[in-house]
């Protein structure tokens, strides 16, 4: 499915509000699951406010675990996690963090529109306003004609796009994405990549983006962090030497290939550890 | 996660049995969902016995629907679907078709090992034998150390690999894969690509492989079918002009880039329809 | 499609006819005397003869059962919500709600009558007591079965407790809840009847419970069964209403409500 | 962790102490006479005085309830499996299983006694009849709630009907099934007691039902409540066994059994 | 149902109710311990014949089910008047329930055992020599029979309120009210022999009208008025049960008129005895209450016989004192 009516670089959400991002600092972070599996240990990472960081790493290394810790959905067993400015999470207000899970996790009893509007609903935004916002963002992920359907009637890729729309609808200050585009075809994917980057440029939120695609990481992020196999350590932390303006043709340029190769090697190093 | 002990080109399953593939012929296939959404219409496709065909197409175009029809999990509303030799599906025997769904769909109450052994169990294979087979195939998808865990304790990519192991454990004559590697990191992914292709070379089953990655399709398949947006029609049906032996370095060769470009263009045509 | 749905609507009727014929046949073949087990035709005759009092009694009992059922539904869901709010609370109190299920109504009849007065109110309370637990138990399981990832989602978006309840937990618990209500529908009727045994009064409109007792005493087994079947009829009405509501609510999203059923 | 689990084990006991103190306090404060509502201490005194007969009666009733419960569990699951095998069958027969729930045991007492003889057997059958429906209803919902994709999987691998049942449907239905069994545990006890009202033995091995009746008749409300609480105790034992079995079985894979509970 | 809602609250007469019925009638409630049957015929006769309204009372008669807690309802003020057995009253008093007897319908207890006539039993001892007998658990006369005859040779099962098992099984005997079960059994073609427990020496008054003490002290006039009307009603019913039977048959649809007539006839000699002819219907004597008290103590059902003077009040039961010498 394409986004035939949206220009390739159109931002994913309206632009009236840009609160800026947050700075995240992880220090000596440890997470051991009951049963004794240590997934993160001594992890150090600093993410500058408003930066776009991609996370790469082998399957099962702890990327989702890390994202859950940052989102506050799980508690570290050691170490600290600080945000500045601190994220006050007052209930009933627009949540400052949004999260696209690895699986879509939609509410099966809600239509696509009502699924996408959920975060605004929980923040107390009135019905017409939140529905309009949800409709707009669904339009932009290419689901403008599926707003009335139910999750069971969608394809896998469509479900993930609803999940993405749900995350973007709040215009968050910290956006956590766990392989959001893995179930999409390459064209939709690169189009959403472009829109995501445009949105980020505009709103300036902090983005943590887990992906398995080296090309996607290279194209999207300012900075890529490559993790080793479990327990995850940082193998490579690289600010990419690429122009700030990303265009579609960048993918064929030599600088792009060079960065990709570096990431590839780091991944291999991380797996061999 | 890597497959440190398995050589890169090791086949995914033991080699004692090779029954060969089936030929599939779809003619004028139509599928309309209740509610009136026509997803497939007048679809014609012939898949030679023992061939490896990749399916590309935009999200929501009907790829999963097509696979379900081929697997017999859904009924077409028109047209015919023939297998030769016909697939007798006697109950309690090793199923001739295997399917890796887009989502892992594991049984939450079974350990990884018992999930992977399920198809053999349903075929009446005795306990020790089926567990050995399951263990072998789990080893090969890189989950040799997670056999005793439960699905809720796995990462997204690990779950998909269990699902893949479950499909391969029967050494099927027709293998249907719906984006099996989307949730995997690129290294694991290309390693599994290689193993899958080796297995196919060895057993000669027919493989239908849905993917969103043009590179993956190009590298894996003998032939790639590109579908248009819904209702899905064949935009391009191309037998790739690449050497029969695929090596890792193929990805950097000119022929590879040329084929990829053709597919890319076809995808764009299909979306614009 | 329409023939299939017609067949489905007719299925219970067809089954009824078959069941009744079997019953009639067996009773006749074994020559079981009417005072022990009457034939459906004998029951029908008795019911026709006493149509008026039966109807009145069914209405009286039905009203009480309906009130009891409504109370169970409301209080049961509320109690389940309270219990589900903490594992500790559930551990501490859930077992004791079972008391309601195990107490013979006769044992607490004096209290019922004292607190609620004799007649319809005490009967409705009896119906409520008997039918409450299944609603609590099923709703609680439902509330507890919410997918953890969806809980995370709501937590992430700072959902208030009440919003999580209304928009996540209760919808997710609906399939369980409806099963609880289905069970409660039958129990509400028997609870009303048993309540009438000890707190119902025959002045004015006596309920089915009184009719059952006095027909039993007089060995009017045909009338007894007519009354019992009238009670089942009430139960079926409630059950049907619950099932219909369940099917409507869950239709588009829950497998248990899909018309497909088992493909094999 | 271990303090938390200790706290959880103690929670019901703590709640019991609080509930009993409240009860004692309220009854004393309002000066409610013992013949209407005895205090826990009065009940305890009566229970201590009549410990032997109470224990015997509880054993008699407990045996019948256990048999009834086991029958319900077995027959209920079986019936649900049969009903779930086709939508048509379910439509046709499921509503009539409700009959069991709405029939007053007294109305069919003569049949019970005639067919099963007076005493433990008829009592167990009564317990069975009263506790069957929740097992059917819950198991049926469970069997129907299997994810369609998993059904597809089994179909694809040519699973026989029985294999699908054992390896897919029943495991998936377990959370529902356990809820049904939890409800049945209380109902089995009350079913046995009500059965004893009409079909038990009064002398020799008299059950709690007989004790309840005679205590009621003699206005020995303290003993009556002791018997009722003994019945609840039986119910709690069964309930606890079911809950434990459920928690063990579902522990590693179903959210309802996770010890986490509601984070907010 | 609305009428019942209304009944609930009003202890005192209601203004609008008074407006409907001409002179201001006082509403009172009488709770029966079973559904309308001939054993309550006099009360319905008093209502239908106008005896109650002539006494300025509007009596609502509530027929109950099997386990209706009449004693507790009267004691807690839910009901003004209730019907219980004399043994129940003594038991209740022994437990601290302060209720008083006013009027005993049955002078001779209609309770008995019935067995199939074909068994040829000559007395209760024969009946209890084999087979099965159904007796209500906790019933004093069951305890009495057990003490006197022993239950070693007979299986005892709970009485379930009906006669189905009796009809089905020749070796089955059961407790009965001679006005009820024997008639029902006879209708199914089974001839029972009935042995009254009264003849074995256990003879409590039955269908005794009771009130709570508070009513006797606060509204003695109303109590007396009620009693007078009840006496008049029972007189009328004994003379001609037909009108009241017709009314009761409408309320209790499972019992036909024929059965009402037969039962009314069967109970007549138990209600109207030589003693009532001398002292009036419903009379009660000290000795009978004392004897019963002693028997209950002997059976271990109560610890101590309640003092008769505490509850048998001469202002309501004048015959009670006049016939009996005061105990030392």
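Should a chain be cited, it is by its letter among A, B, C, D and E, assigned in written order, with residues numbered from 1 in that chain.
Keep in mind that, in the parts below, contacts are C-beta pairs under 8 Å (C-beta built on N, C-alpha and C of every residue); 3 or more make two chains touch, one makes a residue touch a chain.
What you see is a predicted model, and the numbers here were worked out from it, not measured in a lab.
More C-beta pairs touch across one of A-C and C-E than the other; that pair is C-E. For the pair chain B and chain E, the distance between C-alpha centroids works out to 85 Å.
In this assembly, the C-alpha centroid of chain B lies 49 Å from the C-alpha centroid of chain C.
We define each chain's centre as the mean of its Cα atoms; on that basis chain D and chain E are separated by 38 Å.
Among all residues of chain D, those that touch two or more other chains are 36, 106, 110, 114, 147, 155, 197, 209, 213, 216, 221, 254. Multi-chain contact residues of chain E (touching two or more other chains): 67, 72, 76, 160-162, 164, 168.
Contacts with at least two other chains are made by residues 103 of chain A.
Contacting chain pairs (ordered by label): A-B, A-C, B-D, C-D, C-E, D-E. Put simply, chain A touches chain B in their complex at residues 1-2, 4, 33, 35, 56-61, 63-64, 102-103, 142, 153-158, 161, 178-179, 182-189, 212-214, 229-230, 264, 267-268, 271-272.
Within the complex, the chain E residues that touch chain C are 1, 3-5, 7-8, 31, 35-36, 60-69, 72-73, 76, 78-79, 160-164, 167-168, 180-181, 184-185, 187-188, 251-255, 259.
Remark: chain D residues 147, 149-150, 152-160, 163, 167-168, 171-172, 174, 250, 252-254 touch chain B in the complex. Note for the complex: chain D touches chain E at residues 33-36, 106, 109-110, 113-114, 118-119, 196-203, 206, 209-211, 213-221. In the complex of the two chains, the chain C residues touching chain D come out as 7-8, 11-12, 14-16, 19, 36-37, 84-88, 90-93, 95-96, 98-104, 106-108, 110-111, 114, 133-134, 137-138, 141, 144-148, 151, 155, 161, 164, 175-176, 178-179, 182-183, 185-187, 189-190, 193-194, 197, 209, 212-213, 216, 224-225, 227-228, 231-232, 234-236, 239-240, 254-256, 258-264.
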